[in-house]
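Here it is, the structure in full.
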């Protein structure tokens, strides 16, 4: 008892000593990826600068670590070498991987009291789905996105469709797609009805179809996948049929990176892609375009996507508390509004949308509200233990089905079997 | 005494290079071999000895066999074609003509533009519809292509980029070697009535043998090493149709974090390269006459 | 050669040249035009330098370029020194274990460090050298290929020259420097070119072993543009590519005659 008391007061004395010494700043390392064009990195560095000006006791070193893939590679290799940063932004889907490697800490332990709780509860529930596990919060939503449908109003007009009405259902998308698909005299298609890009990470947009069909890809605990459930097969069949049966989408794997250009070049009248493209579309589309929620089958639906803040083990409590304070600040409405405006990411807190900055922004560019309104139907992005490997099984299966290498059902059954093999160890 | 001094000189001279070669090749190779006998540590589950389990898994891994087959096609396709094209280019610009400097520079561009950057340009060339290849094909009324997006054409599309990269580079060596051949040899042969083809086959080609050895070692190395463009062009897809061994090793070790299996795959690549090194050396040892 | 043959040959040279330079031409086209013209090759397209400004602001290319420059010259210089010493040792001295050690070096001819990235990363990490320029260079500077090539060149040097120098009282290192190195110049040139090209292009290993602006080479810097969610921006990527490749391209244009000739005068074997 006495010893504890002594220890406590010694610590308190030490703390007050530290507080009295302005020179002893807390050093924080902050790794972040950039996945959208433009000055995203500059915006983050600028915000960090502002924070440090107001908080001279904290020194933050923002490290631009490349793509999401580069960032997670660096963070994990650094952490395994005992050199983890305090803060990193990584994909929300990396949560289980980071937990399995025992690298991250829950925010609840550092964002204490009523205020901390209120902060964590202030995010959209759709974004928190893959940020929490076992009652604890391991990720704080930051650069989050969701896929939407962009449509070319001019093309709709030319095809005799109402330029203000996007497809609301799967069937409508096919119907409209057929009207929008144009062929020239020699039989070559010059404009396709719709484009759902499928290179690299086809599972993401595909997950939208799965949710719409009323299905799901995982059990949310990261231990079970349902790749061969009827809804998933239905969704995959619809995707494949778009090219093979309905002929409203270009066959083969469609490149993700070339999608905006394809849209601008009027080769696809409707495209599915991330809200992270809003700013790009807004600046570069040579025709009026609309933004719509993804069409529904059994229900509306879309996955969430993008990156969360994570808090890493291996630092002092003082550093971690300072890190959480910074994250609280940068996700606060004013800062978060600046970030959303600069990048097109969905502001992750309802409060952000009430700021003057966001209101002005939405007035001039009402399309940004679509992503927000879609959030009520959104579900967590596919995420499991050994996430990248399990996801790759699904990616490969989808690619095989899209390119006609394997029948839809067979490809998905194989993927499910492979996933079961890997995940068995975690059940 | 002289002999002892030779010993010391020999050892001292080779010591620095050998130390580094051991440190960054032989020791890591043995560590890889050793590591392939253990399981991958996962957080709280430490790694343990599993014997040959990783190799059993390798044999049953269809992706491994696919990737290995892809790499064989990649090597067999890119090595001879890029070497033959390099030689052809060198022969073409080894004569005076207007625009020779420009042609040489054109052939030299792949050496200067990093593959990772050029891959983006090729991505545009291959893009369906508005990409350069489709625009050119369109002039002839041909339909649209999607080379990178189909299982049958993705690997050949990747190989074309590699050939573009390699041929331009090897051309330089052939060009230099051609210039070193005394013109008198060809003239003498011509007087004896030999045709151009005979001269090429009987005189030029044998004299180019050392260069061919040099170039072929590089070509073999690159057939297993050049994967940079895959990151940009296909990511190994669709369904691993364009994935190569080294790319798969990268994926396994740095995306799936399955380090033990990554080590197992590396052992296969190591064994393959050692075999090739030995084979190539013996093959050329007979034909190349260094002193 | 008949006139027809000549046309055929020139036509072939022109066709191949056109194919080979196409990526460069495309890079120049997009870099100097607004992005709307990435896929439209109209001659009236407006010219702009905006892409260069964007690329320049997006990443510290001057620094990346400096890193690559230091890296490439450093590696090549170190390779020349280490490989020459070893090649000389293997070529002109007999000592126990020579053949065994040489075959161990030969094994490294094809087993390039790229295969061993995982273990090499561990070694670099154990040396506490992650994220340094030395870390990128270390696995490459003792090269089996270099030792092999230079040894071949040294073995063609007549013994008499060696003996003559020795009688004049030169030590082994002086003989290496005055007799062997000058005679092996073409080999150095050829090997140097391979090495410079290899490291100018190298991507995977630097990507893994570097974290910061101060150590990243150009290739890793360029890869950053390719991985965005918001679509490939060819205009900016190509402006960045041109900026970083321009120095080498210009050097080749200016010195191509001297470069190819010095190669030729010596004639590589």
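Going in written order, the chains are labelled A, B and C, and every chain counts its residues from 1.
Just so it is clear, a residue touches a chain if its C-beta (ideal position, glycine included) is under 8 Å from a C-beta of that chain, and two chains touch if they have at least 3 such contacts.
For reference, the UniProt names are A = ABC transporter substrate-binding protein; B, C = ABC transporter permease.
Quick caveat, the model's predicted, so the values are computed rather than measured.
Visitor: Would you indicate which pair of chains has the most C-beta pairs in contact?
Guide: Ranked by C-beta contact count, first place goes to B-C.
Visitor: Which one of the chains is farthest from subunit B (ABC transporter permease), going by Cα centres?
Guide: Farthest chain from subunit B (ABC transporter permease), going by C-alpha centroids: A.
Visitor: In whole angstrom, what separates the CA-based centres of subunit B (ABC transporter permease) and subunit C (ABC transporter permease)?
Guide: Roughly 15 Å, centre to centre.
Visitor: Where the CA atoms of subunit A average out and where those of subunit B (ABC transporter permease) average out, how many Å apart are those spots?
Guide: So the centre of subunit A lies 37 Å away from the centre of subunit B (ABC transporter permease).
Visitor: For subunit A and subunit C (ABC transporter permease), let me know how many angstrom lie between their CA-based centres, rounded off.
Guide: 39
Visitor: When you check subunit C (ABC transporter permease) against every other chain, which residues touch at least two of them?
Guide: 38-39, 208, 223, 226, 232
Visitor: Show the residues in subunit A shared as contacts by 2 or more other chains, in ascending order.
Guide: 69, 73, 257-258, 261, 265
Visitor: What parts of subunit B (ABC transporter permease), by residue number, touch at least two of the other chains?
Guide: Within subunit B (ABC transporter permease), the residues that touch at least two other chains are 123-124, 130, 254.
Visitor: Could you pull out which subunit A residues touch subunit C (ABC transporter permease) in their complex?
Guide: 34-39, 41-42, 63-70, 73-74, 77-78, 81, 145, 256-261, 264-265, 273-274, 276-277, 279-280, 284, 286, 344
Visitor: Under the stated contact criterion, what part of subunit C (ABC transporter permease) meets subunit B (ABC transporter permease) in this complex?
Guide: 6, 9-10, 12-14, 16-24, 26-27, 38-39, 82-83, 85-86, 88-90, 93-96, 98, 101, 104-120, 122-123, 138-139, 141-142, 144-145, 147, 149, 152, 155-156, 172, 186, 190, 193-194, 197, 200-201, 203-204, 208, 218-219, 222-223, 225-226, 232, 234, 237-238, 240-241, 244-245, 248-249, 252-253, 256-257, 260, 263-264, 266-269
Visitor: State the interface residues of subunit B (ABC transporter permease) toward subunit A in the complex, per the touch definition above.
Guide: 42-44, 123-124, 127-130, 138, 141, 143-144, 146, 148-151, 234-235, 237-241, 251, 254-258
Visitor: Hey, which residues of subunit C (ABC transporter permease) end up touching subunit A in the complex?
Guide: Residues 35-36, 38-39, 57-58, 121, 125, 130, 207-208, 211-213, 220, 223-224, 226-233, 236 of subunit C (ABC transporter permease) touch subunit A in their complex.
Visitor: State the interface residues of subunit A toward subunit B (ABC transporter permease) in the complex, per the touch definition above.
Guide: For this pair, the touching residues of subunit A are 69, 73, 76, 97, 99-102, 186-189, 198-200, 250-255, 257-258, 261-262, 265, 267, 386, 388-389, 392, 395-397, 399-400, 402-405.
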